[in-house]
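Here the chain labels run A, B, C and D in written order, and each chain numbers its own residues starting at 1.
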Amino acid sequence: MTCADETARDRALLERVSVLSNDRVAEGVGLIVLQSPRVARSVRPGQFVHLRVAEGRDFVLRRPFSVHAAHGDRLEILYQVLGVGTRALSLSGRGDEMDVIGPLGHGWEIPDTLSHALLVCGGLGAAPMGMLATELAARGVAVSVAQGAPTAPRLVARDLFADAARRHEIATDDGSAGHHGFVTALVEPLLAGDSPDVVYVCGPEVMQRIVAAQASAAGVPCQVSLERLMGCGIGACLSCVVSTVHGQKRACVDGPVFNANEVLWESAEIPPKH
Amino acid sequence: MTCADETARDRALLERVSVLSNDRVAEGVGLIVLQSPRVARSVRPGQFVHLRVAEGRDFVLRRPFSVHAAHGDRLEILYQVLGVGTRALSLSGRGDEMDVIGPLGHGWEIPDTLSHALLVCGGLGAAPMGMLATELAARGVAVSVAQGAPTAPRLVARDLFADAARRHEIATDDGSAGHHGFVTALVEPLLAGDSPDVVYVCGPEVMQRIVAAQASAAGVPCQVSLERLMGCGIGACLSCVVSTVHGQKRACVDGPVFNANEVLWESAEIPPKH
Amino acid sequence: MNQTVNMKVRLGSLELRNPVLTASGTFAAGREYSDFIDLSTLGAVVTKGVSLHPWAGNASPRIAETASGMLNSIGLQNPGVEAFCAGDLLWLATQDVPVIVNVSGHSVEEYVAVARRLESEPTVSALEVNISCPNVDEGGMAFGTSCPAAAEVTRAVRAVTSKPLIVKLSPNVTDITEIARAVEAEGADAVSLINTLLGMAIDTRTFRPKLARAVGGLSGPAIKPVAVRMVWQVASAVQIPVVGMGGIMTADDAVEFMLAGATAVAVGTANFVDPTTTSSVAQGLEAFCRERSIQSVAELTGAVRL
Amino acid sequence: MNQTVNMKVRLGSLELRNPVLTASGTFAAGREYSDFIDLSTLGAVVTKGVSLHPWAGNASPRIAETASGMLNSIGLQNPGVEAFCAGDLLWLATQDVPVIVNVSGHSVEEYVAVARRLESEPTVSALEVNISCPNVDEGGMAFGTSCPAAAEVTRAVRAVTSKPLIVKLSPNVTDITEIARAVEAEGADAVSLINTLLGMAIDTRTFRPKLARAVGGLSGPAIKPVAVRMVWQVASAVQIPVVGMGGIMTADDAVEFMLAGATAVAVGTANFVDPTTTSSVAQGLEAFCRERSIQSVAELTGAVRL
């Protein structure tokens, strides 16, 4: 539902972009770099783009991807190969063209007074954390990152986090790197030790929910980035609703970032992918 | 309908083939060469293959193409770019793989006693005439070719016909090469002058019908190669029926070549393509 | 080639600049799409379904992609007619495009109450009464799958509205012409079709339906042949104009619907893939006519050669 | 991983080696496909529709490709039951695969006459009575879109056959469960669904319908969501087994139908794209069970988790 008061709405752009590079950067994960001047110059941390991954005669819905990084004209997307859409994406190469709608959504809120932030991510939840970590570091915010993955070869964006974060802790389900176990086990010590002003979370919804509870117990404000299946990506179709204390919100325009304490976690999430 | 008496049916092969080359050879026409040992070695003039032009998630029916030439392991197909299927075909290149069913259908009958043949073709009707002309020449049959096209740049297989035929006459609708007019205008003089034993025809159905009438008036047996929209291509679906004096026949197995005097021409044809 | 084509068409007393509408529920009230296209290039904006009170819609997931199509079970989520008038409608009043409001209800009384509330709104050019939503437990499609129920809703809404009345039909019926005739007899000025086909998809990994509500509505190119057939049947069965939709992605698709008998067409699911589709279909339709020296787009309506 | 999966399923008294059948009309009597696959890897061959007298079928063109699907208006062309018994059936007798004959008719009497003729043929393992062909002017779908007519055909055929009786249902109805219950009540041993959806396509260049008969039946992946939904509805409504079909291209598609409630599945249009589909679906179904340590494929039937 479009709110009458939504006046300061950003204009979404439809841009024809070309692929600059597309490389495997971790197990099952690619990094695609797009020449996308208009979107790259206006995107903010936590926003996403809606990509037309396959064209031609075929009907294929767009697929939403967070912007992992933006440098000048270049937009970087970190993607996990799951189904037809991401497989098509993985097959595109330098010079290929595709069409992008963006920047979309309400990204991370960065309070002016922020001095210390804790970023918690699991798997590809690291994607929307890239721009955030870089931006926070540039603002002089002290950044701690707690990053989880099933196994070491599936850890992404390690260099980016190493550069931007003062502290970067890792957990893997199989113990092949860092703490042996879930990333949530790293959160309480970091909350207690670093006393962050804000916790930013992205990853599987169940993980986000646990971290939100941990932050809430520690009295620290928490922002989560939620995934929903998206049709239009621009707020028109109501495919992507999230139940909140303020009613049904659209992940694509009212989110994907929400204040954790507004989210009614009982709402159904996308089934886990693996 | 499968006939109980159809005992000498050839086995159709399903073969994974690779593209050796794919080039534009006339306006809107490509020649694709496939490495297809099993089909190439067993195909006879006038037979066709059923090509899977697009794979992947998409549902796309196969498309039937005559075998234009076969040399050793190599199969040549002359195709006109019309719609999605032939466009996809035109985009494939060396090394691409596709899958082929063939050789299919009942090709040209070549009587043992044949000494002089007249081949009449219009547009891409030249495609199934390639192997025929070559085979006839190899058998020492005197070949005359009457070939029509809308305009000179759309004439195909000129070299092949020039090699195989004793006589090669051309007609174009716009007079840009040979006779200015329809190919049918060349037929009566050739029938009278050369006294062929058989007339072979392929092209738009209306042209085939006229030539069949011309041959009949001259008392010369005539074979036509008919196009129908094809589902299975192997005789199972009954998409491709041709009305004949012997009832409904399937173009894919009972044809595509029929004796002209068996065909009931009032049966509906595929709508003309341009 | 510089010849101008008359693109105007009429749905009852409503004259449209061109035959291309937005399909309800796929375009909200157009505001989001105004980032991509000029709404004044469209025949009309058809809004998302509006009910008397706010509806929360169904649980998530609400969509699933299928071969050449998608399933949705949005469930008519909307803020209710008052909030609609105070929000989207005020915005639409500032736009240069006719507005057709899609009216939803759980009961005949609810349809009537929504229509009554909209009667005094000058921004509303026409009503489209949705008796074909497959995604609600009460009302919705139940009214569109029975002649007496379809007739009853139409009669009741007709009694309270002076605006052009379009009734949106469900394809999930044995004989759609029967329903079309029933609503025509009760005073509908036009019919629109098709709404979505009821469908289901199951995730073979989790053994769960892909939609939380199990079933949903199938839309997109997959359903176009069913939609074209129904438009053809209905256009042959009634005198009132038909708005055709179901899988339109290109101007050629729109032509196909018009040849089958549609006076106007609507673009739905395609908006999600390319938000400029409505506008490019309108342009392409004009180009189609120009290239063939067709002077008025209305000549396409029912021009199929049998 | 070397565990064996019990692939057997039952349709009434008919036990099948595995749940994968051929969809009538897409596989002729299997002879053409025996070039590509071993027919004994299939649950059964379901033949093209057979009528009492020879039928010529419809005019050409008889097919058209659509988004993720195709339209056909073959029109039950067949040489009649006598020629069938003397031809295809003799050949089928030499093959190691159960044979289900698809029975067609213009009238109740014709269905009965065909069934009676087949009663004495030991090669025929079961009958599938087709009350859902959209491509004939009389009979066909007319019997499948009304409960009394569906019941009447079933009752009449039941009276003359001792073979397992499958009734093939039409999706072109408001409520398919009603028809399913009607034929179950008259003694059908199983139902199969869906037959094709009635559709139409128009060539915008010629303004002519792409099929000579104007309308035809839509099949292929495009219709799968509608088919899965109907299988789910029917399986919940009747006690007899359901044979599911509509757009099956892969083993995963077959699993989806079984989860929705199908006991067996049939592969139709996919055969045209890849003539080995039936066999690879059967293999893939077994692999699916093996990988998940499912001991019997029958456990998949109706296992959707709501």
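We take it that a residue touches a chain if its C-beta (ideal position, glycine included) is under 8 Å from a C-beta of that chain, and two chains touch if they have at least 3 such contacts.
Only a predicted model underlies this, so the values are computations on that prediction, with no experimental measurement involved.
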Subject >> Contact-graph distance - origin subunit C, target subunit D >> reply: 1
**OP:** Please identify which chain has its centre, taken as the mean of its CA atoms, farthest from the centre of subunit B.
**Re:** A
**OP:** Would you kindly tell me how far, in whole Å, the mean C-alpha position of subunit D lies from that of subunit B?
**Re:** 35
Original post:
Taking each chain's centre as the mean of its CA atoms, how far is subunit A from subunit D in angstrom?
Top reply: 47
**OP:** Round to the nearest whole Å and give the separation of the Cα centres of subunit A and subunit B.
**Re:** 57
Subject >> For subunit B, residues that touch 2 or more chains besides their own >> reply: 57-59
Original post:
Which residue numbers or ranges of subunit C touch two or more of the other chains?
Top reply: 67-69, 206, 208, 220-222
Subject >> Contact footprint of subunit D on subunit B as seen in their complex >> reply: 1-4, 11-14, 52, 58-62, 99, 101, 228-241, 247-248, 253, 267-271
Original post:
Can you list the subunit D residues touching subunit C in their complex?
Top reply: 66-69, 71, 145, 172-175, 197-202, 204, 206-209, 214-215, 218, 220-226, 228-229, 232, 247, 252, 255-256, 259-260, 288, 303-306
Original post:
Which positions of subunit D touch subunit B when the two form their complex?
Top reply: 25-29, 31-33, 35-36, 48, 56-57, 59-65, 68-70, 72, 74, 77-79, 83, 86-88, 90-91, 203, 205-206, 208, 212, 220-222, 249, 269, 271-276
